[in-house]
Every structure is written in structure tokens, then in C-alpha cells.
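What follows is a set of structures to go through.
The following pair of complexes shares a single chain, chain A, combined with chain B in the former and chain C in the latter.
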Partner chain A sequence: MTDNKVIIVGGGHNGLVCAAYLAKAGRKVTVLEAADQVGGAAVTREFAPGYQVSACAHLLFMLDKNISSGLGLEKHGLKLAAADMETVSLSQTGEHLFLSGHEARGGDLSAADVARLKQFNARMIKFADVLRKVYKGRPPRLVSHWQELKALAKLGLAVRGMGREDMREFLRIAGINIYDVLQEQFDSEMLKGALAWDAVLGGHLGPRSNNSVLNYLHRLTGDVDGKRGAMASVRGGMGGVTAALAKAAEAAGAEIRTSALVSRIIVENGIATGVELDRGEKLIASTVVSNADPRTTFMHLVGLKHLEAGVALQVRNIRSRGSVAKLHLALDSLPRFAGLDEKALGGRLLISPSLVELEQAFDFSKYGEISESPMMEITLPTVHDDSLAPGGKHVLSALVQYAPYKLKQGWESGRAELLQRAMAVLERYAPGIGGTVLHSEVLSPADIEREFRIAGGHWHHGEFALDQFMMTRPIHGSAQYATPLPGLFLCGAGAHPGGGVMGSAGRNAANEIIARGDGA
Partner chain B sequence: MKYDAIVIGAGHNGLANAAFLAKAGMKVLVLERNPWIGGAAVSRELHEGWIYSNCSYVCSLLRPEIYRNLNLAKHGLQVVPYGGGATFLSNGDILGNYVDHDVKRREIARHNKRDADAYHRFSRDVTRQCRLIRDFLLRTPPDPTSFRPRDISELMYMLKKFLNLGEKTMYETIRFYSMSVAEYLDEYFESDMIKAHFSGSGIIGTALGVYSPGTAYVLLHHYMGDIDGSAGAWGFARGGMGSVSKALAGAFQEHGGEIRTSAGVEQIIVRNGKARGVALENGDEIYADVVVSNLDPKRTFLKLFDEKDLDPRVAEKARNFKIRGSSGKLNIALDGVPEWPALGENNPLRFGDMHFVDSLERLERAYDDWKNGMWSRDPYVDLLIPSLTDPTMAPPGKHFMSVFVQYVPPKVKGKDWTDEDRDAFGKVVIDQISRHSPNFKDLILHAEVRTPRELEAEVGLTEGNIFQGELTMDQLMFNRPFPGYAQYRGPVKGMYMCGSGTHPGGGVMAAPGANAAREILADMKRTNVVPETELDD
Partner chain C sequence: MNKKDHHKTFVYPTAFHSRTSRLNQMQACHRWKDYLVADVYEDVALEYFAMRNSTGVFDLCPMTKHKITGPDALEFLNRMLTRDVSKLKPGRVSYCVWCDDEGQVIDDGTVFHMRPGEYMLCSQERQLDWLSISALGFEVTITEPTHELAALAVQGPTSCSVLRRMGLNDIQNLKPFGITWFDFQGSELMVSRTGFTGDLGYEVWIEVSKAEALWDALFAAGKEYGIRPIGTHALEMTRIEAGFIQAGVDFLPADEAVRPGRTRSPFELGLSWLVDFKKPNFTGRKALLEEKEKGSRYNFVKLDIAGNKPARDAFIYNSKKQVVGTVTSAIWSPTAKANIALASLHAPWGKPGDELYAEIYYQRELKWSRVMARATVVEGAFFDPERKKVTPALDF
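Let's look at the complex of A and B:
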């Protein structure tokens, strides 16, 4: 047995951020990662001989800049291959829509749309700023303790501070769906389809589902070099972020062990006292921090029998069914989209041509079926980064929606069907692309669950929705990072403020542990 | 001739509003476009000898405080509670919806033992939410952006009620308001059929599916009523829903009120930024200090106002107001009692509401049809035979059947409804019922099929939306109908709103009418006569 102070279960980006901050504060930290490399869902993997790809998340747009500068990630090797990528919403006829910051051109845009988009973005960013404020720390509890009341008052003031009209609009739309909001604002079907994509990406929701505005605002809390809503591609893939985080954590004194699969969190007398590895090794610690998703943490690592019945019920009810699949293609040459030059291929390519088509794609997932015409977000990272594929060859990485975790036919046969449907869609936009495919890989939510150990294969470790937001994320009673089990904390995307490669959950959890004097 | 107040529209809210104003001593005129009063709370003889509640058809939400205060019993309103009901399952069995909690629990246990236990938790939690919301029904929502003492004190009142729930229930409440009815039920029940049974209330009148977040609240909206202190109970107004309107009109007239039918209002007259009266369709002008609209927000602002009199921002809000047609109705005269083989003869459940949907997927697919601009091919229906309880509705031995249908689109594939569409839609519903009642088709003497087109043309509800606007978070409480105008006051001085498009929303509740009256009386510096919430249980 080894005596540790803090053990972090899982070396995903939040676990590493948490480790780095705790180590900087003088805690003795050990990170245990089951895979042979750190990174969790922010990793770069070889999916075919010589071809590397960001295996899960593929763009960087939410990393908290206080974290990246605070931990010196650039110094530790984080390098962007492309910053401020343009979004290209693809059209089959070659009349693509281009979005960059507040600017839009092409497609079926009307002059009014162009002007309104600027106002719309400015307002949404203002709304997202409220979220940004509450993302900086732990969410308040609804009890009349001065500390909590102060935090609640701060939130109230942030909303009030927007001014009367904006406050009213915020209170009106924050809980509803992006479909209604976009229908009020814009004419262009392509623009509405493209904007709605950002509101539904990663979740089990369509543009007409409430919570889609919340998801849109969540995404807008991010920035790249201060530019809100911008997106970047990381050199070497998303593994570049976590590699830098690991270096930063180690530089601060944290120990990282890979290929160390935690089989359970040891609970003695109702207190988390350490972990047991799958080879039987036991590590004791005064504080255990789980970067695993809440369901995995409570149901598999702790065991529901160690939880009060009410808490166990809440855990069972956490909604975390993934709806996104990942498609990786090794290509012999760059695909040809009518009317797109090579430079544009370095952007983020969307296949989400209208609200109706996006919604119809979603309908299938409600019944456990794969969308007939899946919607996609495509990147070709090799346009900016030749380190990922052999010379002259390319990699295509796409997020494919919708692919429900609970597929009626099962994912064994589903994977091939998804590939076939996705290729059929791609072929419509980039004729001939099928002939250039050298290798392909599909990661269904079931694969993501297995390979990245995320229950339900949900990227955000739990649906991002108002019923699983702030003080109810992942469940009330565990929303302030401390859990009902003394000695156990959460630090992953399942905790506030949620998913996306932002690192805030890890940092907030570290701050909470430090403030409580735990792990010392 | 000048009045103290004119109320446009003799729907139940308009009449309730007028009754309270008259009771406070104001001289009030109610103007109704149709030759009859009642709006969507009407009893009409559309087939000789039969009385149809041809729009709203059951009573539960009508606030008991209003019933007592206006002495509606004296004016002939009698609500007869009905019990039970059944959900017919595809396998030939039923799920009986018994009134008695324990009997219902045993019935659920027959299908799924664990769900019978969950039913305890479910009823307890939903009742808790009902109690919370009922405290807000007869109150004006505070404007959260305002610093006026009254808004702050109302906000404090709400906050206090909320805080009284205790920490755990507060979180549960937040979740409840934001969840879909299906996901909410997932937290309690295992059986898909039982979830489907409970989720119907989450979609009635609503252009949302069982999986759409926000529908858990709609469920509450149908659970929060009570009859004679029996929370959640539903009943028939004796003589049809028109009796509600008639009783309200009686109370109004008792206090000296005047009702003019066949008097459609063309426009609200605005001078110097103040409402002065109304111009009728026949060209007459009638003046008053106060003009109250019982029409839905779209009609009120986009039709009753001259564009130049209205702040364009308000017109914009009215255009964006969500009032989606999603329901239809069949009113059927029957030659006898339909047989329900799954129920058996003389089963008391036949007095209640019947449903034919037994899986969430079927319900959600019904919604998908609506999204695609079609009526549901396998609709959700809420079927009742009021004449079994109230024999005054049909000749002896004959019966009246009311079939509420969800979902029916406001337009068919983007085009206006035709008579052929209407008949095809009616056939789908009749076929669905026939599958569970072999003699039903032969008993039909007359059937009135109502789509959103008929509802709009006759009652004046835009798109036929039964709640005068969707009950989604952006249109509830201080957002109803629009942010900044949720306290019944319109955008010009002297103009008010009192319909279901205002807080607390649709259903034959009369609360919006009463709340609007309280605000008007305050503005006119008159003594309040409108009751506050007083709960029996």
C-alpha cells in the first residue's frame, strides 16, 4: 500500500487540470489513467497505420484562458495549427455559406440576415457572459448561508446588469429552443441550420427541443485568444492539449500513472479512503477525486450500496445517453466540394442545411434509430497539420448526428449502417470522396462508452440541460464537487459547468478542495 | 353613452373580468362577436335534441375562490365530478384509471409491481408541485426587472413560497419545470405503457411532444385544478360547458352588467396614447375609460389596433408570440351507449376519460406527424361521454360523446385545410375508436369534426390554440404574454388584457379575468373585490 494524499481517477483534461492546480497548491497528487496515454476524450490516436486523429473532441474552442495561461500550456507544448477557423455550411449546389465571427456571406443570405446576425451574436455573447461568470466557481446552493446568498446575489446582479430589455430577452429565451429564436430572427434557411448545429451538438436534442438555446450559450462562453465563438485546431490533434496539461501537472509535482485502471473506490465506514486497481493494488488517500462521469463514479466505482437510497435514485436518473458518433477517414487525396478551394477546406465544414433537416435527423434518434441522412461537422486537420498523415494523404474527422446510444438494432450492425449512411451524405456534397477512402473508423456512442469509459458514451458526461445544470449538475447534493461520500469529489464534465474541453470543472473542483482544506 | 369599462369578447375570462368590475360598482359592457356568449366554454345544440360542449368539455381548473365569490352555484353552475377512465392497450387489456388512490395503485400493480410503489412517490411529488403553483394562480406575476415596491414584494412572496419547499424540493422543482414529461416519468416508472398513460396530460393543447423539455409543466397545468376541494378532480358542468359562461354572465348581470352579442369589435380607439373606447364592425363607436381584451394576444395587437397606435416593438412581440394550433375535436351524437369489450358492461370506468395510446413512442410519433404538417395518423384522444353522467345533454337513451384530439396542425403541409382534409382527419379518429368499440360506428347519428380552422373561425382562437398561446417557459408567468406586459396592462393607457394569453394561462380557470380585474380596480382607485387564493386542502 502506498500512502497518497490525493488520488485523481482518470487523466482526462479535467483530471489533469485538477491535478495541476492541487499540486501547485502543495498537495501530493497522483493521477491514475486507465489508458496507456493520458487525455480521456481529448486524445490523438492512430486509427489506421500512419494516420492520427483527434479521437473524440476535434476542435478547441472553450479552453478557459486563465487555465491555459495559469498553467503555462504554451510553454508545455500546446500549439494551435489553426486559430479562428471559418465555418462553411455546405450546399450541394456549391452555394456555400461562410461564417466567421460576426460576418456571414454566401448561401441564401439576405441583406437583413447579415445585419441581424451581428446584433444576434452580440446579444447572445452578452447572455453567455452571465454563464461565464457562474462558470468561474462552484455553483451556489439554495440555502440561506451568507456565502451561498452572496453567490446567488452575484448571479442576480449579473442578469440585472444587462439592462432591462436584455434581461427580459434573456429570461424569455434562456429556457427555450433555438428553432423559435432563429425563426424570429432570420430568413436564410442555411444560416438557421448552421447556427442550430451549435445548439444541438453533442446532446440528445433537436433544434425544436428546449435547452438548445442553453447549449448554444454554453458553447459561446468559450473563446480562442479572446475571440468569442471562434474555433481552433490543435497541432498534433486534441492530444496536444492534454499532453501539455500533463506536463504542467508534472511540473507542478503531480505524479501521473498510465495503464492504471481503477476498479473501485474503496469506501470504509461511509468514507472514501482510496482506490483499488484492477490488478489488486490498493492505494489509500485522504481525498479521492473522480474525473470519471458521475454514473460511472457512483454506480461502478463506488457502488450504489454505499449511497443513501435517495442519492442512488438520483444517480440512476442522470440523463447521459450519447447521440454523436465519430467518423474517421484516411483519404488518398483532399475531397472536392463544388465551389470550395483548398483554403476553405481548412475550416469547419457543416452539413446541417436547414432547421427542418436537422430536426428530421433528430427524430430518428428518439426511437433508437440512426438518422437516414445524418448531419455532420467535418474537419480535415491535415490541411493545417502534416504531422497527422503520411505525405500528401489526408485525414477527415467528422462528428455525426444522430447516433443514439440505445440503438434498437444494436451497434454491432449499426456501425456499418452508420458508415454507409454517412458516406452517402458525404458523396452528395463531395462526389467521388468514397473512392479516395483508404481506411475508415466509426466510433458509436457504445464504442465511446467502452473505449473512453464514459457511461452512455455522452461527451458531456451527462446531458447538458436545465434539469442538469449548475446546482443540479450532475445531481443536487453533489453539485459543489464534494459528494455525499466524505473524501470523494467530482472534477469531470459531469460536474458544473459541464462539457466541452474547457478545464473549468477541474479547476473549480481543485479550488473547492483547497478551500475546504481537504487532501492536505 | 359612455361606460366605465368595455370588455371585448364574452369568453369565460371576459365574463369573469366584467363580473368583478361590475361588482366593484363599475358600469361595464361586454361585446361579443358571435350571436352567443361563452367563447370556448359553450353548450350548443348542433344536432336537434343534443347539447354539445363543442369546445372545452370538462371542468376542473375553474378557481373555487371565483366560484364562491361570484356565487356561481346560485347562477346555475353545478359541477358533477366524474370518476375513473381507462387506457385501452394494444393487447386487449386496459389500465383502469380509478379515482381512489389505493385502487389505482392496485390496478397499476396488476401491470407492474414496482410502478405501483413508484405511483406513491409520483402522486406525492406532483401534489407538492400543485400546491406550490396554486398559490400563484390568483396573483399578478411580478416584473423581475422592476424595482417598484410592489414587484419586489411579490417577488419576495414567490421566493418565500419557493424557499419554504426546503432545499431538496427546490432543486426538484427547478428540474420539474424544465423536464420533458417522458423523462420526468422515467424517473418514477418502468413500464412504457404506464408512462404513456400519465404523459397524455403533458401534451394536451400543446405543440410539443412527450420528449420535449417543458412538457412536465403542462402535465401540472392539468393536475392543479380542484372541484369542491378535491384536488386534481375533474367534472362535468351540468348542461355542458356553456353553463360556466351562463353562470358568469348571470353574476355579471346581477351587478348591473350589460352584454351585447353579434357585436364584433373592429378596433380599439386610441387617442393621445390612451384607449378611449371601441369601434364596432357596424361602424358604431362606444366610449369607455377602460378597454379590456379577452382575445388572444395576436388578435388583440395585430387586429384590434391601428398600426399607428401601437409601439412597433409590441407588434413585433405579438408576431413572435407562439400560438400554435395542435388540437382538434369531434363532437358526436350517439344512438346508444357504445360497447367497450375490454371494459365489459356496467364498468364504472366508462363514466370517465378514455385513451387509446399505450407507448411513448406512439405519442411521440403522433407529434412528429404534426411537425411534418399532418394530423397524427395514430392520435392521442381524450374521449368522454358526458351524457352518462349528465342526462340533460342528450335525449333519453341517446348520448353525447366528446373526443379531444392531439395533434392536428394549423395547416396541412403548409396549405389551408379543405373539407376533404377535415373528413379524412375525422375518419382517422373514428377508426381509432372503432378498434376498441365494435358498435361505435353504427351508433353515430351526427358528428361535428373540428380542426384548428373551425376553432379559429368560430371561437376566434388564433390557429385554434386552446390555451391562447403555448404554455412554454418563454410564455409563462412574467413572460405571459410578453415580457414587460405580464401584469394585464396593455401598451396604451386604459387598455388591459384578461384572456388565457395572460398569466396563469389557459383552461377554464377564470383566473386571468379575475387577476386583470384586480389590476384595473387598483388603477381606477376602487376597492378590490377580487378574491385572493384560499385553499381548501
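Let's look at the complex of A and C:
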């Protein structure tokens, strides 16, 4: 007996987007979130008494404009504290490099680099546009069905439409590594180091790894108010995005339950028929949508025994080992970086001074060790937003790479070591910062796995790579949101088009469910 | 043998090697999954007729054996195999196939439900890799005791008498596909009424340290019952007469196929009776359900061919001289007195009554000739004696 209901497992941003669109289409939707507040990895929470921080993702740069306007997120409270943030690539000697849109200044830039950066950016955005086109809907399948062939042809045309030279270049670089591409283009080590950061952020890869160009293009599909590659800080932290999404979903008629941990997806006669909560409560649904990552969904919630063996093997083999740690500091005062004024502290501060140092930092994680000198992306949200800390005090939020999920020494002792190494690096750029730290928190990938319930602690719910991309994301046969298990859909970052606070996976999944007439 | 050192041995002798090598007059052997097995000991015809008229003993050690235990053992097998294993009671054996996700047959074999919850899966091919993949998400323990468990097939009308003479009391009451246990010199001897010959016969299983003693006891008991060791050539004849298919001959194991379209589903091997869609999930179910709705690409048939020239490797034609398939196995059957073949035909060919021809090439004194022999689709095994099924087993 069904209640003709859609249950969404997980109230992350994609789950909420999916809920909002399904509710708008008249579906009866219930979102079940395990934590006591919605948001998943786009969430704000206290990490020390009186100090709030975006606990996982900390900048907004990929949220789909059509989703934010379509769901009226501003009306529901989404407010940017800062848009179009500048990137400052830090130098220990105070000769920082500043990047804003196509413009660059400072550091070891040559005049030629400045000119080439404009061309490079323009071309990369053009390439990213190809991805943007296919991100709008479900990825095509490689079968001879007119609908799929049409979608494939559209993709082919998008590539062909770039013109002969660009097409050739796109096909040449899309599968290779950012190191080779940047070496061809630029002289400035600082510029190359800074650009490469965006190609490796969040993944288990270094600048010399293949798929790094793909990651770079993926990031460039995003925009803030139409400005490509821009970044924004959200008022109240990233939880502001998901709070607005939750309101939009509820306004559309969706029901949201927090502190509702789904312990399993119920499978009866080969069909997903509902979920069971950890306290034993069973909820029946005609359609179950999982915002959890695919490994958690299939291995822990469904159980591999309910899939066919080949599918189970593919799930087991999804690469999703996180390599990023999160560092949160409560600071007594703003840190002082040589030659950097307070206004610049409102930007995104990078410690990724060169390709070589970034690659060397990655080398450690290949062998299950923490980088000796970790690379970092630092934000000081309190520069724009006084709601996060007591007056005059500050919060530092940093993404620290590399911190391998499978750490040889284990994360119990690894956490302190990571903190110590990260602080040593920070001290080199902002001498005296250690003395201003009131509280600190380190989230290793193992902590991220636990807190956000993402298998492997991978932000993107699975490595973003050509073999886990489009029609093979998360696995072949499950790429169009419907899974091999009838009644179960995926709507999270593990599905096409992937990670980053975009909402596209959630919207595409909702569209697919609506188009199929499911959950009605 | 230390598993680490396996590469130092070119080919494994089986547990019966000391006995079989002495009897192997022809020194004719081949490699079956890294074990040395006899093609023929003395003469194929003598060995064949031993199986059909008295008792033939085939060294079954190379048969890959997998033991499956643990709380999810049954559930695991039910997800892996196409048929419903929950119907298989302790002390029973059943024939089975398993498929990949595309519904293509990986291998066939026999599943033994020994003691409650304790299973053994036997197959010609090594399957530990696929079993391990299939075990993801299940609480099972899978071991492959192929090298530790010696086995012999004891097949033919006098096989029951031989085993009784050997001291296996009451063995005549074991039903087809039943399992029973005896004490043999302080070790456990497992006997199943199973085989690959389509006749009355047993398979006996014992730890390798007792293998030679078992062989000696068996041959001593069988002396007056016409017991004879038999090689794979004679076994091949009996299994074709019984209509049994063989991996690598009648179908290509799906995990070995490189080219698309070379594999077969259970439906395409005439094994639809092994597919139980009442089970909500098993590997290949989706694809097989779709095949059932859309129709299969191939039909697997038994052919009775005119004349006496074996239709080995023959193309099969329809009345319009179009090639509609190929023979996969063929012999002249001495017992059925018929020229028989197993063949894979493109659908829709292969219905009883279809007018088909086998293109047979043969030579007489080095002169090659070709004949287009009429081939008739037949149903049921070519050789299916009553004594195979009767319990208590008849005393010959």
C-alpha cells in the first residue's frame, strides 16, 4: 500500500532543490534529514562557543542561477555577504598575486602573462560552456534511441560549434592535466600555482594528475550573478543557502523532518518501497530519492545484495576517497599578512605558491600521509559578516590539502598533526597568528564522512573524473537519476553533473522523476 | 602444496596421479584448469562401453569446488544462480547456471546443499573471482578446496554394485541428486548420485590423503564388475548422448568473451527451466526478463542427423540454403545408434519439424567429400535409461 509519496533521504542542498521542484510539480514530498538542521555539506554550525562557520563548503560559486531565481531564494532569505571576491595568492615575502576575473596583478607576473591570462580565461570559459549545456539535463545514454542520440548530437554540435581551432584544443586538453596546460601558457610560478588550485580542489589529484583540466572546467561552469569564475560569501555562512532552499521547498508544500536518520531503504520484491528510520519507524513511499552519496545509498541504505552482482561491483569501485580537511579557527583578532590590507582579507586567500609545491603536497597523500606543507584556501567570513562571531573576534575557515582519507597513522592522532602542520604553514605567511587562536577544529575526511555521512569523506560524493562523468556518473546504468532498483532515484552530487553547491543534480533528478510520472 | 609456489609446477598432478599414470597406456593427457587429466587410458571405445555397460571411473579432481558457508549462504546463492536454491534441501544437489548482469551464462555447474547451510558449488571453470564479486554485501565465507578435495565419477550400470561391494551399505537407496556420507578408513567419504553421463552413477569425494586408498578399494571392489578408468574422450561421448552442454564447447563463458554477441543466455541454451523469475533479484534477471519479452537471438537444439558421418563443426542450413547456425558438439552415438549433435541456431530456427541440413565434411582414405545431411530437431535426451532414475538403484 502506498501513500503516493516521495521520500527524499537527506536534506543537503540537492535534496532540498529536488524537494522544491517536485513539490512545485504537485508531488507530496517528505525530506528526511539525519542532522538537527538541514544543509548537509552546505551548512553553518557552531564550532566553538559563540563562533559559527560553514562547516564544509565555504564559498558559493556554482549555484545555478535558474535554480536560485526559479525557487526565489532571495525572497526566502539568501543574502550574499560578499560577491565577486578577489583571489589573493599569498607570498611569504609580501609580494602577493591578486586575481579578479580576467585581471591579474602583483606577484611575479610578467606583462605577457597578464595578456595571456585574458585569452586563457576566455577560452576556458568557452570550453566550460560545453559542460554547462550538458549540465542542464540528464546525461545522454549511449544507446540508439532518438532522444539519446539527439542529446549526444547536441553535445557534439556544442563542441563543433566552438570552431575548428578551439575544438581541436578542447579535445586535446579536456582529458589531460593542468600542469602541462599551464606550463604551455604562463611564466609566473605564482599564477600557475593559483590557477592549478582550482583544478585540484576537493579531489584526490595533483596538478600533474589527469582529470585536473576537467575539474578546472567543471568549476568554471559556475558563476555569481552571471560573472564566470567568481566567488561569493553567503551571509550567515553556507547554511544560508540551504535555509533558503528549505523555505522554498516548504513554501512549495514539501515537508521537512530533521533528526530523522534513515537507517535503510526498504526493498520489497525488488522494488524500493520506503525507508526505515533508526528508531524503527517505517515510511512508505512510491518513490525514494537519495541525496546521500551513491556508495552510502547502495552499500549501506539499500544493501548490495538487492542489486545484481555487476552493479554491486561498480558501486564498490566508485572512487570516493576525500583528500581535503577542514580547519576552523576562532581568532582574537584579524591575522596580519605582510603587505596585505584588511580589505584584501575579505577575499579568498590561497597558499598554493607554485605547481611544484602543490604537486609535492599531493605526493604525501598518495602514500597515505599528510602533506608536510599543506596547501590551503582560506576565508575570513567575519570580515563581511558580523553574525558569525562575537564583536571584534574572527573566524578563519580553511580547506587544507592534502589529507588522505586512508591515513596510515589513523586520524585519531593525525588530526593533531594536521593542525600543527597547517598552523606552521600559516605562521610562515601570517607570523603571530598562532597567538591569536582562541579555539580550533580540524575535520579530517574521516570526520567529514562521519558528520556529513559521505562515504570516504569526499565532497563531491565521488571523484570527479572522466570515468565517473556524465553517462558513467556515478556508475553506468544509474546515470539518469533512476537506479537499477525500481522506485529509487539519486539526486546528489554523486549523480550528474556532480559536486559543488550547484543544485543541478537535484533539479535534474526532479525533472526526470516528473517526466517519468513517478511519485505522482 | 604451498600456494605461493604454484608457478614452479607447470601442471598439477591430481590426487590419483600415482594410480592413473600407471594405467595411462597412451600417456595422452591435457590440461584442465592446471591439472593433468587423461584423454584416454587405453582405447576410447572400451572406455565408452565400460561406462554404458559396466563401470567407468573418471578422475574428477580438477573440477573446481567452492564451499560456501555463513549466515547469508543461501541468499548469496539465490542472488548468484538463476534458479531458486531455497528449494534445495540439505543432502540434495541440483544443476544450475549463473549469468552476468547481461543475462549471459558464465558457467554451469552443480550446487550441493550438504549439511544445513553448508553449500558446495562445482564448476568446470575457475569461478572464485566471480563468487567473490557476487559476495559483495553478503555475510558468507567462500573457499576453494579444489586442491584438498579429491573426487571420482563412478558411472555406469554396475556402479551401484561396485560401491556396495566396497562396503557402502544402503547406497542403492540414495535417490538421484541425493548426497550421503560414509566412513572410509576414518575419513568422511561423501557420495552423491550425480554425474555427467546421463546414466546410473555416483560421484565420490574424499580428502586427498585418502585418495589413493579410495582408488584401490574401488578398483578392488569393481574387478568383477568390469570397472575401468576412463578419459575425457569417452566422457565427451556420454555427455553428448545425455544432452549435457559444456563450457567452452557449447557456449562461451561470458567472462571470457571478447566479441559482442558470442555469449548465450540460459534461454539460448535450452535452459529456461533453470530461470526462476519469482525470485525478486538475481544477477541477470533484468536482462533475462527483457529477453523473455522481446525474444531470444538463438535456439539451442538436439539434432538427429541422417547418415553416420559425425556432423562435427557443421554449418546448419535451412531449405533455402541459408546458414541458420552451427553444430557445437556431435558424435555417432553407439548406444542410441544415431548420428547426434547439439547445435546453436539463429531464432526462429530450431522448432521441431523445421527442415534443416547439416553440411558435413568427411574423408575416406584421405579423399574429402561433403554431404548435406537432413537434420531433425528432437526433444529429450538421446540416451535416457530408466535405471538412471530408479531407486533403489538396480543391481547389475
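By our rule, the second predicted complex is superposed on the first by the 516 of 520 C-alpha atoms of A that agree within 3 Å, B and C clash if a C-alpha of one lies under 4 Å from a C-alpha of the other, contacts with A are read in each partner's own complex, and residues count from 1 in each chain.
Note that in this section a residue touches a chain if its C-beta (ideal position, glycine included) is under 8 Å from a C-beta of that chain, and two chains touch if they have at least 3 such contacts.
The structure displayed is predicted, hence computed values, not measured ones.
Asker: Thinking of the overlay built on chain A, is A:K366 touched by chain B (first), by chain C (second), by both, or by neither?
Answerer: first
Asker: Looking at the overlay, does A:N269 come into contact with chain B only (first), chain C only (second), both, or neither?
Answerer: Once the two structures are laid over each other on A, A:N269 reaches chain C alone.
Asker: With both complexes superposed on chain A, which partner does A:R164 reach: first (chain B), second (chain C), both or neither?
Answerer: First partner only, chain B.
Asker: Which holds for A:T472: it touches chain B only (first), chain C only (second), both, or neither?
Answerer: After superposing on A, A:T472 lies in contact with chain B but is clear of chain C.
Asker: A:M299 contacts which: chain B (first), chain C (second), both, neither?
Answerer: After superposition on chain A, A:M299 lies in contact with chain C alone.
Asker: Check whether A:E308 is in contact with chain B, with chain C, with both or with neither, and answer first, second, both or neither.
Answerer: In the superposed model, A:E308 contacts chain C only, not chain B.
Asker: Could you say whether A:D225 touches chain B, chain C, both of them, or neither, answering first, second, both or neither?
Answerer: In the superposition, A:D225 touches no partner, neither chain B nor chain C.
Asker: Counting residues of chain A in contact, which comes out ahead: chain B or chain C?
Answerer: Of the two chains, more chain A residues are contacted by B.
Asker: Do chain B and chain C touch any of the same residues on chain A, and if so, which?
Answerer: 313
Asker: Help me check something: in the complex, which residues belonging to chain B touch chain A?
Answerer: Contact set of chain B toward chain A: 144-145, 163, 167-168, 170-171, 174-175, 177-179, 183, 186-187, 211-214, 320, 322, 361, 364-365, 368, 371, 472-474, 478-479, 483-484.
Asker: Show which residues of chain A lie in contact with chain B when the two form their complex.
Answerer: Result: residues 141-144, 160, 164, 167-169, 171-173, 175-176, 180, 184, 205, 208-211, 313, 317, 319, 359, 363, 366-367, 465-467, 471-472, 476-477 of chain A touch chain B.
Asker: Which part of chain C faces chain A closely enough to touch in the complex?
Answerer: Residues 72, 75-76, 79-80, 100-101, 130, 133-134, 136-138, 280-286 of chain C touch chain A in their complex.
Asker: Which positions of chain A touch chain C when the two form their complex?
Answerer: Its residues touching chain C are 267-271, 299, 303-313, 316, 484.
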